[in-house]
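Structure below; questions to follow.
Chains: A, B and C, in written order; residue numbering restarts at 1 for each.
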Amino acid sequence: MSGDFLYPDYEIIRDFSRCTVCHDCERQCANGCHSYNEKLGRMVADNAKCVVCHRCVSMCPVSALKIVKTDHTFKQNANWTGDVIGDIYRQAGSGGVLLSSMGNPQKYPIYWDKILINASQVTNPSIDPLREPMETKLFLGGRPDRVEYDEKGQLKDNLPVHLSTQVPVLFSAMSYGSISRNAHEALAKAAAALGTYYNTGEGGLHEDFYQYADNTIVQVASGRFGVHKRYLDAGAAIEIKMGQGAKPGIGGHLPGSKITEDVSRTRMIPEGTDAISPAPHHDIYSIEDLRQLVYSLKEATSYKKPIIVKIAAVHNVAAIASGIARSGADIIAIDGFRGGTGAAPSRIRDNVGIPIELALAAVDERLRQEGIRNNVSIIAGGSIRSSADIVKAIALGADAVYIATAALLALGCHLCRACQLGRCNWGIATQRPDLTARLDPDAGARRLVNLVTAWNHEIKEMMGGMGINSIEALRGNRLMLRGIGLTEKELSILGIKHAGE
Amino acid sequence: MKLSGKNLSFQELNEAVRDTTDEHIELCDILGHRYIGAGSSGRDIVIEGVPGNALGAYLSGSSLTVKGNAQDAVGDTMNDGRIIISGSCGDTAGYAMRGGKIYIGGNAGYRVGIHMKEYGAHSPIIVIGGRAGAFLGEYQAGGTIVVLGLGGSGCPIGGYCGTGMHGGRMFIRGTVLPGTLSDQVLVEEPDRHSRLLLKEILSDYCRYFPEVSANSLLKDHFFLLTPNTKNPFKQLYTAC
Amino acid sequence: MLKEGEVRIPAGCAISGIFSRAGKPISGGEIVSSISTMHDRSNGLGGGFAAYGIYPEYPEHFAFHLFYDSDAAKRACEAELKTFFTVADEGPIPTRKVPGVGNGPIIWRYFAAPRPEKMEALKMDEQEYTVRFVLRINRDIGGAYIFSSGKNMGVFKAVGFPEDVGEFYKLESYRGYSWTAHGRYPTNTPGWWGGAHPFALGQYTIVHNGEISSYDANRRFIEMFGYHCSLLTDTEVITYVFDYLNRVQGLSLEDIALVIAAPFWEEIDCMPEEQKRKLYYLRNMFASLLITGPFSIILGFDKGIMALNDRLKLRSMVAGEKDDRLYIASEECAIRVLAPQLDKFYAAQGGVPIIARLEEGTN
């Protein structure tokens, strides 16, 4: 029905005075936006195919291209907006569930931006991080309640195995299949160089990447793809994925078209078959079942690996985290509702879950009230955008943070939110060899190292300003934070005072 | 090695099993001890009593024999090896198993063989002598499940069998299937090729359960259940 | 920190039950050894037992078991109790010191009969009269909590592992024809004994494993009929649903299973016409009492026991029979520890109740 026609949201603008008809844009665009029109004797663009990934803009040798939001509009309506109308047309036409990717782009409060960080003046000194020692090394893992002594009265090392990282940043789970081999390689190399960890996601561990095993967290999800004894033994830690911030309560489904020969080998499923990982682990329907899975992994790896349990930030997150802390898990990873994904039903992405800031504050506070915060470590994720976000997260109570969207941006992602199409022009969220070749893993690793190193410098600067010289002294140090423009309720959940108090 | 589970916690029992260099291990007085044989390879463990949940999780080649019943989550994510249970087992046996065999003499609980998959030379097999509960073979992506329904009449499997099935096959002995069979499942008479596979599986099963005769079973009617390629498991999506 | 009643606390668990159809006495020691085999399913934050047939000396009196936070609460509650009931006997419930069970509330027991003139004035039968009384005390008198209120039966619970709780209450000294037990795995420290299972109201006791997802739909419905949910736990609401459907509405236990663990419409549509009509009626009539999400429960009641799994059977539960006895438990090991040789062993089916009652002429 022609009434369903939707004018493209964005327009490709070409400056014909600059265009040399070199066809680079045509070659760069896997979506087929650009073509040469013989009759007109010039390059033309199909705006309807454009996903706004800026590949053509970035690669145009003469800067002849730009992309602008269209001024075409429906009649203005604050309730029935153009987006709402467009979605209805699409669903009425197809009968399909709306699908998109990456994190929640809707206008919800971003609490990081309403929290301010303290600095010392006069009464206690700030520290110059360039001159004095400034520690960001930390350990992640479980801790027993009490110290123990041996027969000689010497302290016994009764700590379970810990992860040790030089920076309070780990790369969070993205599976091979959802992102490319080169993207994984860049993450693995960067993690090794930085002395931190990357996470396989639920797609198994590629044979070539066992060399980075000491910096690898292996994931076990409901589909158990690529999970076997050697895989479990390889990782520095094992993460049980219970949920994901972008789509709490929803599973994943990697279509057969993305299961190429190499992906198939890593996931250990035949080429071209679908990889379905439903929301629940069908053997975990209650908290004591989680304990069973945690201990089955500990038994299978002789108690040599810390176990991380990753959950999405949902309403009841504090009680859930408390249950996890008592399940034998060593580390709890909490993923807020702005976390990214390679594909999610839009309504879930945009309406389910809660912000990481509130979830983190609630979990940390609950575990302290119960006296068990020291028994587990907390990793917070779900849209950590800068070093300032990290400082705030740690002061709220996190041990460390997970980043993924920021890491992909470092690798060239332009957040066009079209990963689900599998035609990523930046070679990240695709398995097409011609596209993945665009991402150089070494260059990618360098950029990741740059980003995290720069952030770590900034973290040290901020810590120094507060007079803190070890990241451990920042953890849960909520007096270092003040809210701005927040309600009493929000301040009480975050457990911070308002600026000026 | 011979070991009694009496007064041992599962941790103590499993540590002793891991620490011994003996290949053949006999465990007696087992009562609810979890994770026996988890991740192990090259062991031959015989268990007397009722082993606890997650028996043989991530099994990597060992052989486990249970003289009696087993509880939930037998062979979770097992990759290779053999689990023989003379009696019945609980729910979710063979979750996401990728290789090896689970042979059950009696009944199996709900959600058996969920996410079972195959890869390369690995093709897992579950044979259930008695009946299986509902949601058998949900999301099955590979491998073979056989339900014999011995000693009972009527349909030997529960409802909602094969929901999300997208690979592998099931053989169900008998003449009736549940009314709530998933649309994603295609029901056929086994062809010559699949009958050969069934024969091979049953002959092997009967080596451990000599009271059952493969040849006489093969004379009975079996349904062959495979994924319905015309109605695959997928959600219809629209980009936005 | 908030306790039960102020905040909803999800929990996982282990459950177990023993029932003698012939009404033969079973020692409390047996149920303790059954539940203790499933130690890993609970986390030491709650354990409890229900026993039937344990007070033959007071068969016609309601046995009230109470937790008091203070002497003041005890005095306030007793004033009420003695206004509405005649107390035949009272005293502390015998306990012994056990390392695994910390300091608890004052634990008191009363054998009491309703005052006929009050009952007459309120135009209630003694069951309704007692249920209303219990609900009122638990709602209105702070620091007093009636955790058991049936005849010839009693609930014993505390914060601790169930085996320690059993020892604490000297359960080996009680004999009953029916026992249920619970080991709790709550997702925080309630530190409050009332939050442990079983939950009891009148003759009904429930032990439960799972976390139901329909909770607030069920709660807001049942509260319309005077059941104030003071604990905000699944077990509490399920017990009220049983009391309401069984005692007030007169549905059989079999039919209650069809309401709370109803078959799917797809399954109902495959049923014979008459059964289909009945199920359409029940699902429609009590649509807000459909319980979804994982649960396995054991209901204890006067002269009987019932076990039920949710309709998807998301929790494990098995049953064994030996002579006159029925055993039910989350795991087989909890049955075999008592009866290595069984006449019959089977797994519970989703939504299909297992019910046993005393044989005619017993008790």
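The rule is simple: a contact is a pair of C-beta atoms (placed from the backbone, for glycine too) under 8 Å apart; a residue touches a chain by one contact, two chains touch by 3 or more.
Nothing here was measured: the structure is a model prediction, and the numbers come from that model.
Of all chains in the assembly, those touching chain B and also chain C are A.
Counting C-beta pairs in contact across A-C and across A-B shows that the higher total falls to A-B. As a whole-number value, the distance joining the C-alpha centres of chain A and chain B reads 36 Å. Computed from the mean C-alpha positions, the centre of chain A lies at a distance of 45 Å from the centre of chain C.
Along chain B, residues 10, 34, 53, 72, 91 each make contact with two or more other chains.
Of all residues in chain A, those touching 2 or more other chains are 292, 295, listed in ascending order.
The set of chain C residues touching two or more other chains comprises 40. By the touch criterion given at the top, residues 10, 31-32, 34, 49-50, 52-53, 69, 71-72, 88, 90-91, 107, 109-110, 133-135, 158-159, 179-180 of chain B touch chain C in their complex.
Contact residues on chain B toward chain A in their complex (touch as defined above): 10-11, 14, 18, 34-35, 38-39, 41, 53-54, 57-58, 60, 72-73, 76-77, 79, 91-92, 95-96, 98, 111, 114-115, 117-120, 122, 138-139, 141-142, 164, 166-167, 232-240.
For chain C in complex with chain A, the residues that touch the partner chain are 1, 7-14, 40-43, 185-189, 209-211, 294, 314-315. Those residues of chain A lying in contact with chain C across their complex are 285-289, 291-292, 295, 316, 319-320, 322-323, 326, 366, 369-371.
Residues 86-87, 90-91, 93-100, 220, 222-224, 227-229, 232, 253, 255, 264, 268-270, 273-274, 276, 278, 282-283, 292-293, 295-297, 299-302, 345-346, 418, 420-421 of chain A are the ones touching chain B in the complex.
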